[in-house]
Amino acid sequence: MPEMERAPLLEVKGLCKRFGGVHAVDDFNAVVNRNHLVGIIGPNGAGKTTILNLLSGVYPGNSGQIVFQGQDVAGKRSHQIGRQGMTRTFQNIRLFGDMSVLDNVKIAYSWQAKYGMLQAMLGLRGVSQTEREVEGRALHWLERVGLAEHRADMAGSLPYGLQRRVELARALAGEPKLLLLDEPAAGLNPAEVQEFIALVSGLFSELDLSIILIEHRMEVVMRLCHWIYVQDFGRTIGQGTPEQIRRDPVVIKAYLGEEFE
Amino acid sequence: MRKSLALFLVVAMLVPVMALTAGCSGGSKEILIGNIQDLTGPNKAFGVAMTNAAQMYIEKLNAAGGIGGKQLRMISYDTKSDVNEAINAYNRLIDQDKVLAVLGPPIANMGIALAPISVTKKVPIIGLFMDEKATTDAKTGQPFTYMFLAQNSAGTQARIMASYAINELKLKKFAVLYNQQNAYSVSLAEPFIAYVTAHGGTVVDKETFLTADKDYKTQLTKIKKAQPEAIYMPTYPQEIPLSLQQAYELGIKATILGDNSYIPFATASNTDPKAAEGVYFPYGVDPADAKLQQFATDYKAKWGIAAIAQSYSGWDAFGALADAIKRAYAANKKVTPDMVAAEMNKTKDYAGYQGALTISPDTHRPVGLPMVILQIKGGKPTTLTQYKEPTQ
Amino acid sequence: MSYFVTVGVFTAITIIGVLGTFILTGLTGLFSLGQAAFMGLGAYVSALLVVTFHVPFPLAVVLAVLFALGVGYFIGYTTLKIRQDFFALATFGFGEAVRAVMNESVKWTGGAMGFAGVPQLTTPWLAAAALIAAVWLVRNVRYSKFGRDCLAIRTDELAAEVMGINAFDHKLKVFLLGAGLSAFAGALSAFFTTYVEPAMFGWTQSAVWIIMVFFGGRDSLTGAIFGATTLSALPEVLRFASQWRVAIYCLIILLIINFRPAGLFGRWELSFKGLSRRRPPGAGAGKGRRKAVAEKGGADADA
């Protein structure tokens, strides 16, 4: 399954990150092909979020390569990586709480909107035209995640489950090739989890999109992912298809426990 | 929510308008004089001194029947050391309160800022703004028609000190130490240097410091090396004890010349009495004068604080203004701001605490107004002599 | 010129300066204590050009604003990379340094004595036109992507970066906009009072502008304008209180900030198309401020 004709969308080689003396990520290697859904699992403190932070340029790694669409993006800043087609959500939801839901999603288009400060100041015609386009595209994503009627609400005033969906819409509005989801089902009730699984698999089948998913709920990972990396203390202790992972004795011992046998 | 906000908006907009127009009454039964002073902020002491003195003058005058049967009333506005506030206050005094004349602040910058405004508003300002730019239009060299100074200008004060040092103390080699950020300091230092160099003296060193500086030893060490016979230190109240103390600690033996803020700051408790010993400085009034001491006693009794230089000169400024109003009323049976301005020009030998005040129509500043030269002896300012600006 | 007109012109000039602070501090969350220094640059440069070099007034104003933008670019480029709390200190240092230069270059600026004899060329009509133009410009920016980006960066800079926004670049643009507006206000003020002195442009002036923005509501353009108008006029209204008016003024501000932390207007905007069209439902002025935004700095909670 890894060997395909086209070059992979993302190839991570020897990625390392230390915080003080702690190896948060130690020699991480991974391949994400186009239109694939990859999961990263592991116990708390395994370095999963650190991997997403390194990929999205929140901070630089100590060594290693991150080849995204044929370009090494290691060491690039977040906004550069975002513009290249890699967007993400956060484990603890980072919405712009003081802004409306619609404006939150519009933020994804700021860097693409084709007008400068001077044009904005003078309110030239191109500005309102671009703004209408942006609004249309942002609304499209809100409709897709089922939040159109909340467009004018303050993002910070929405219930938790809806905030997760706003964040997803915002990340999708960046029109990414690779979407990083950091525990997107955390805090959702069982019904919401089912809706979420349906939403992600729906989006995945509609869009030309790859996803890296970090999740504690095995149900979500096992049902959605094509390939799974298992991390423990910064190291990859196993990888494979959900079926292989389920049977891997190392993984079971370190993480999954008896129930998945 | 929306309605209450809109209502609030309307009320909030209306209140200022009503408050602004409230002062428009201005009955013709009294004569209104405006007063623009720093009643808050760092220069509060000066503003309060002038206001208190003027208030005492008004009470005395009103008790004696006022002017032409009308009582005087003063409207005071605070300027909190802000030039824009002074401009607003002046405009308001004229447009809303319809005052006849204005008692101005003892702050040079405010005088300079008000001068061009007075050209269009045409209501005279009599004040203590020492800098000559407040009374003389730098572009034309002519005096501002409505600006009058009621104490010696900074230039005159500096020249009095310089002339006394050269002609009476027979000193020739001078150094100057001053605060380059302070208008008062600068406006004294420059004419002093000009006078000295024009009258056979030399300035061997000129050192400056900034308002925030507390340590002048670097400057004083350079001055010491230049070996002057005297050092002119025209500085502000809080800087006087520091500069005297540090000069003394460096063993500087040169004669120290000061300015009219040296009372009471040169003998402040944080100064070593020896550091201030022998210092010469000019002062607007003679502290030994019996008439002055009576005023100081009354002032203390009424306001509970001691009179300072601006109390005496403030009294003089208001007195000269009241006299001008009296003369204008006597001559015309009515009085307008223009008449007051015209009469201010004719002020001659008004008997004030500073001496005989005569205002020159050519400069709108006093001519021949003496100052008193004092020397600190045994820790106390001691009157030496009266001294006038040399005429040559 | 009558008292009301004078107060009106001063207020208009203040509003123009406050508009820059609204974008910079209100929307973007950057506390600059050097805004008044840009006003000073605008005032001194335009006054010098006209009085000393006989440059025509309109050209002098343009040159003064360009000069302030040049200085602003340098200051912004060097200080916006540092942490935001240090940014306030850095701009404070810049502002006081500018004032020191004004005081020291006696030959050009007149030093502490101030720069007198500037012709009165700021007419009430010019001030009114300048005010309308400035409000219009800032309003356009507020409702463009730049306005959104400001808020996004203020709320969560990391999230904004991840969405492709170059926060540094954006802050620099906003800083320049603020510098330009301040300098413009400064030029207008110099040619209105006819006199400039360094004491007018201290950090306390910058702080007053920030207070005006928070008084009216940091998220509301209407609020910023209202705050600037009210707090400019308030000292005049309180004149009857003589030496107590500073205390009363401070008390009023304290009460507002205490009881309406989002400012008088919160996010409410005056709109001509239906009173509160722009107000999102469920977010009344002052209420509906951030509630459930997840805690910050947890991006590497799993590290």
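Chains here go by letter, A, B and C, matching the order in which they are written, and residues are numbered from 1 within each.
Keep this in mind: a contact is a pair of C-beta atoms (placed from the backbone, for glycine too) under 8 Å apart; a residue touches a chain by one contact, two chains touch by 3 or more.
For clarity, every value in this text was computed on a predicted model and none was experimentally measured.
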{"item": "Label of the chain whose CA centroid is most distant from the centroid of subunit A", "value": "B"}
{"item": "Chain closest to the middle, measuring from C-alpha centroids that were averaged per chain", "value": "C"}
{"item": "Higher-contact pair (C-beta pairs counted), B-C versus A-C", "value": "A-C"}
{"item": "For subunit A paired with subunit B, centre-to-centre distance based on mean C-alpha positions, whole Å", "value": "72"}
{"item": "Computed distance of Cα centres, subunit C from subunit B, in Å", "value": "35"}
{"item": "Where subunit A and subunit C are represented by their mean Cα positions, the distance between them in whole Å", "value": "39"}
{"item": "Contacts with two or more other chains, residues of subunit C listed in rising order", "value": "none"}
{"item": "List of subunit C residues in touch with subunit B within their complex", "value": "1-4, 6-7, 10, 100, 103-104, 106, 111-114, 116-117, 120, 193-195, 197-200, 226, 230, 233-237, 239-240, 242-243, 245-246, 264-265, 268, 275-276, 284-285"}
{"item": "Touch list for subunit B against partner subunit C, complex", "value": "1-2, 5-6, 8-9, 12, 15-16, 19-20, 22-23, 39-40, 44, 76-78, 80-85, 87-89, 91-92, 94-96, 108-109, 112-113, 115-117, 120, 131, 133, 138-139, 180-183, 185-187, 210"}
{"item": "Complex contact set, residues of subunit A against subunit C", "value": "17, 19, 24, 44-50, 53, 56-59, 77-79, 82-83, 87-88, 90-100, 103, 106-113, 115, 117, 120-123, 127, 131, 134, 152-160, 163, 170, 174, 214"}
{"item": "Subunit A-facing residues of subunit C, complex", "value": "136-137, 140-141, 144-146, 148-149, 151-152, 154-156, 158-167, 173, 177, 219, 267, 280-283, 288-296, 298-303"}
